[in-house]
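Structures are listed in the sections that come next.
Shared between the two complexes below is chain A, which has chain B as its partner in the first and chain C in the second.
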Partner chain A sequence: MQPLIEVDNLKTYFFLNEGILKAVDGVSFSLKKGEVLGIVGESGCGKTVTALSILRLVSPPGQIVQGKVLFKGTDLITLKEEEMRKIRGNRIAMIFQDPMTFLNPSFNIVNQVSEVILLHQNVSKKEAFEKGVNLLEKVGIPRARERAFNYPHQLSGGMRQRVMIAMALSCQPDLLLADEPTTALDVTIQAQILDLIKEIQKETHSSLILITHNLGLVAGVSSNYVMVMYAGRTVEYGRIEQIFYHSAHPYTFSLLKAFPHLDQGSKVKFKPIKGLPPNLINLPEGCSFNPRCEWARKKCLKLAPKLVEIFPEHLVACHFPLLRSRPSSRS
Partner chain B sequence: MGFYLKRRLLQTIPLLLIIAILCFILIHQTPGGPLSVYTFGRKIAPRDIERIKDSLGLNKPLYWQFFYWLRQVVFYGDLGYSYVTWQPVSKLIWERLPNTVILMFSALFLSILFAFPIGIFSALKKYSLFDYVATTFSFIGYSIPIFWLGLMAQLVFSVKLGLLPSGGVRTPGLPFNLLDRIKYLVLPSFVLALTFIASWSRYMRASLLGKLRENYVITARAKGLSEVAILFKHVLRNALIPVVTIVGLQLPLIFSGAVITETIFAWPGIGRLLFHALLRRDYPLIQGILLISSLVVILSNLLADIAYAYINPRIRYE
Partner chain C sequence: MKEILQVENVTKKYLFSRGLIFQKKISEIKAVDRVSFSIERGETFGLVGETGCGKSTIARLILGLIQPDKGDIYFEGQNINLISRRKLNLLRRKMQLIFQDPFASLNPRMTVAEIISEPFIIHNVGTKKERRKRVYELLEIVGLNRDDVMRYPHEFSGGQQQRIGIARALALYPRLIVCDEPVSALDLSIQAQILNLLIEIQERFKLTYLFISHDLSVVKNVSDRVAVMYLGKIVELAKTSEIYNFPYHPYTRALISAIPQLSPRQERRQRIILRGEVPKGEEGSSGCRFASRCWKKEDICIDVEPKFQEFSPNHWVACYFPEVSRYLTF
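Take a look at the complex of A and B:
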């Protein structure tokens, strides 16, 4: 089966006064119809910029300098702006992190949902309104017909995120990009929103790219693949079982360790990763992770590792992948 | 909204009362007085001065004078008579008010007509030649005093070029003619509007630049909207909210600017009437004009508040 989307060696740089910030530096992946990819990493590792680059929404000083984004065989990077606009919100839709600031405070919610329908589908205003109300109902907004005229500030965080999801779903896109869709929400609401996204993805059989800093979420939406990013690069990519049970990159391994497991009782302490993510303008020489890596050796300080396939469908960018020392199994 | 309007209109009553008291005290404290005309350089017996004072009620205590005036206004709608012309104050004001309102609103219209597009374009083409020219123009426009600008405009456009009349509202003796009226309106309204074009375009630019960086702009792009649609539908509405506040707050400034402009352009409006009344210490006329113009300002502020509620859904007057 031909992949729905194929990202090949994507590079998005920000040209700042201080220097060139390589937010995304050679990222590649592909995804088939109906599959789910989780992109994981710390803040500022290039996850969001990757998603924005797919939609070509990176604004200056950011710029896509290299790479291809093949969507159903067409390269989005070289597409005309008008053609690109027909894809945005229609074939590829995005759910953003903070539903308060990403919704327009001056328009009621049904207006913001039906706007997308009016734009991409050949329907009357009335039909678009009806469709908008139906979508709001579908994403679980109670008394949707009345609440349709509410403004974002009149809704709770969870309800706002549901509006965001309704907006993204309005044209039944082939690909959903969800950028930290639950980060701004209460923990109890997080699970509901995640379930909703999962349910809708299954129902519409669309592909989903879930961006998060929380490995637990990636498992929560039953992703097929996981891509771990660090300092603008892919450090590990593989099927979810491989990432969770046989993580080979020290960074992934440490991330899993940094995650508290309730089932292991109080004896096992979770271990934070020392240090901070590097400055993307001034990356350390060699492997970007070397200052924080417990296993770093001389070679790691000199030479940046390439992404190599160590097992079928399991790629790692590390000179010394952790093949034997596998993390304790998680239930 | 209906309840809000009623409440706001009721609030104007105590507000007007306070304004009336303050004005009354202030004008009676100014040196001179309506009778100084007689005492200065003319031989009028002190007895006659007393007689005039008595007939005008000026020898009564201040509070008595105030309550007498208030009673006349509230119960009879009578603003009194001018000390100078002996015409009813309400008639004098009523004759002049339409001219002032015309001047104020054409200046307001011009200010918005120019300030908003200039501000929007400056924000969109930030640091372009246009932006720099607009910035420079704004600083100059904001710094020039109205009276000087008015005189220069008369010098250039009326005296040197002979394009436009230098003063008045219409060609004397001509029947009503819209084009003729507009010709007379151009110079004073542009002179009055310049300051506001200068400042409001800056506010518009700053506000728009702020809103263009908002996250919902990214959402709008991700929906597939064109940049033009994003600007006019999503950004502008939000950018207008603070600008409308400023416009509402500065409406009184247009009025006070009109006083000067009317004086320079011999525009028979309330401002010029006030100017002359002030010079002659014509108490009833001053008091009447201040009351009516406060009412105009209060009502235009109310109008601004309604406009504000209309564009900002987070403010609902209930």
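Take a look at the complex of A and C:
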């Protein structure tokens, strides 16, 4: 089956006075229809810029300098702006982290949802309104017909995020990009929204890219694949079980260890990753993780590792991948 | 004395007005409603709950920054709301606060040295020389360099800024530190560093922590006892291992089940998704506050508020129908 989206060696740089900030520096992945990819990394690792680059929403001083984004076979990077607009919000939709910033405070919510429908579908205003109300109902807004005339500030955080999801769903997109969709919400509401996204993704059989700093969330939406990013690069990519149980990159391995577990006993010392994430303008030579890596050797200080397939569907960018946790009987 | 802090039946109301001039209505919210608990010397007391449940109000009440409407707070046996201002100032040396947002809690125009020695100036402690010595000592404790003293907060990363905040909190040899969401603004790999530092200095200086957080997995890993709050009330209180293995209150159970787990294999896990949202606590409803979202509610829950009682030894819960089965995380 042909992948729905294929990102090949994408590079997005920001040209600042201080120098060139390599926000995304060679990211590749592909995703088939109906599959879920989780992109994980700390703040500033290029997760969000990757998503924005796919939608071509990077504004100067940022620029996509290299790479291809093949969506159903057409390269989005070389597409005319007009053509791109037909895809944005229509075939590929995005759910943002902070709904308050992305909803317009001076329009009521049904207005904002039906605007997307009016823009991309050939329907009358009345039909668009009806569709909008139906969508609001579908995402679980109680008394949607009355609430439709509410303004964003009259809704709670969870409800606002539901409106964002309704907007993203309005044209039944093939691909949903969700950028930290639950980070701004309370835990019990987080679980609700996550469930909603999961449900809708299954129902519409669309593909989903979930961007988050929370490794638990990636497991929570039952992703098929996980991509771990560090300093603008993909450091590990693979099936979710591979990443969680047999992580081969020292960064992924340490990140999983640093995460507080519920099944740990209480008052256990954490195993933090030493040091700080690097400055993206002034990256260390060689592997950008080397100053924080416990296993770094001479080669790591000089040569940046390439992303190689160490097992089927398991790619790692490391000279000395960790293989000891892998059981021999099954893969 | 075992207890360093006792909170007895404390209530704090906030008034707020709604509507325009003519239909102006003044309503009140009970941010904290008849809350009692005590913290023992040397322990870490975890306080968890969602936004608006009153966690931070409790922190401010304990530090004497706001006055309770009802109830008493005792710190080392002294009622902090009745003693004189001078004595309160002396007590305040012994209790310090670590804030959520490290950058916002550091004055951008002050150098690290100035920030850390501010407590000495306020409380008039030590000579110039002693203060300087102590600043260097504190920097070393929190893992910063001596050369950092003349730098400004913006030159540091979030984790390092939090270290400066911790150094400042330690300056006057406190007994109790209130940590209000100390790691929620930090990156994952940095969170663990700061939590380790907090645990380390606790052992070294025999500190007592009130650890406030919305993140149950973090709280589990640092606390000896945990209290769960919902809409201004403590609904459950027990030893950490008790509360995570046998959560009695349905809300606690839902909270624990909502934590995203690190395991893609979640078959054995009980998933509870609460319907609805946290209601606003303004109306003077009579029953259990959680009733509107609870799946076990019966008539009595809506009519009469359940008492907070010891359901099993040292495990307190406010619920008529506590769950008793073991909760499986995996």
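For this structure, a couple of remarks:
One rule holds in what follows: the second predicted complex is superposed on the first by the 320 of 331 C-alpha atoms of A that agree within 3 Å, B and C clash if a C-alpha of one lies under 4 Å from a C-alpha of the other, contacts with A are read in each partner's own complex, and residues count from 1 in each chain.
To be clear about the criterion, a contact is a pair of C-beta atoms (placed from the backbone, for glycine too) under 8 Å apart; a residue touches a chain by one contact, two chains touch by 3 or more.
All values reported here derive from a predicted model rather than from experimental measurement.
Partners chain B and chain C, once the complexes are superposed on chain A, both fit on it without clashing. By the touch criterion defined above, A:256 lies against chain C but remains apart from chain B after alignment on the C-alpha atoms of chain A. Using the contact criterion defined above for the overlaid structures, shared-chain residue A:222 touches chain C, although it does not reach chain B.
Of the two partner chains placed by the overlay, neither chain B nor chain C lies in contact with A:61. By the touch criterion defined above, A:19 lies against neither chain B nor chain C after alignment on the C-alpha atoms of chain A.
Comparing chain B with chain C, more residues of chain A are touched by C.
Closest CA pair between chain B and chain C after superposition: 5 Å apart. In the superposition on chain A, no residue of chain A contacts both chain B and chain C.
Within the complex formed with chain A, the residues of chain C that make contact are 50-51, 157, 159-160, 187-193, 195-196, 199, 214-218, 220-224, 240-241, 244, 254-266, 271, 273-275, 277-278, 329-330. Within the complex, the chain A residues that touch chain C are 42-43, 156, 158-159, 186-192, 194-195, 213-217, 219-220, 222-223, 240-241, 244, 254-256, 258-274, 276-277, 292.
Within the complex, the chain B residues that touch chain A are 214-216, 218-226, 234, 237-238, 241, 311-314.
Considering their complex, residues 52, 55, 57, 85-90, 93-94, 96, 98, 101-108, 115-116, 119-120, 151, 153, 164, 167 of chain A touch chain B.
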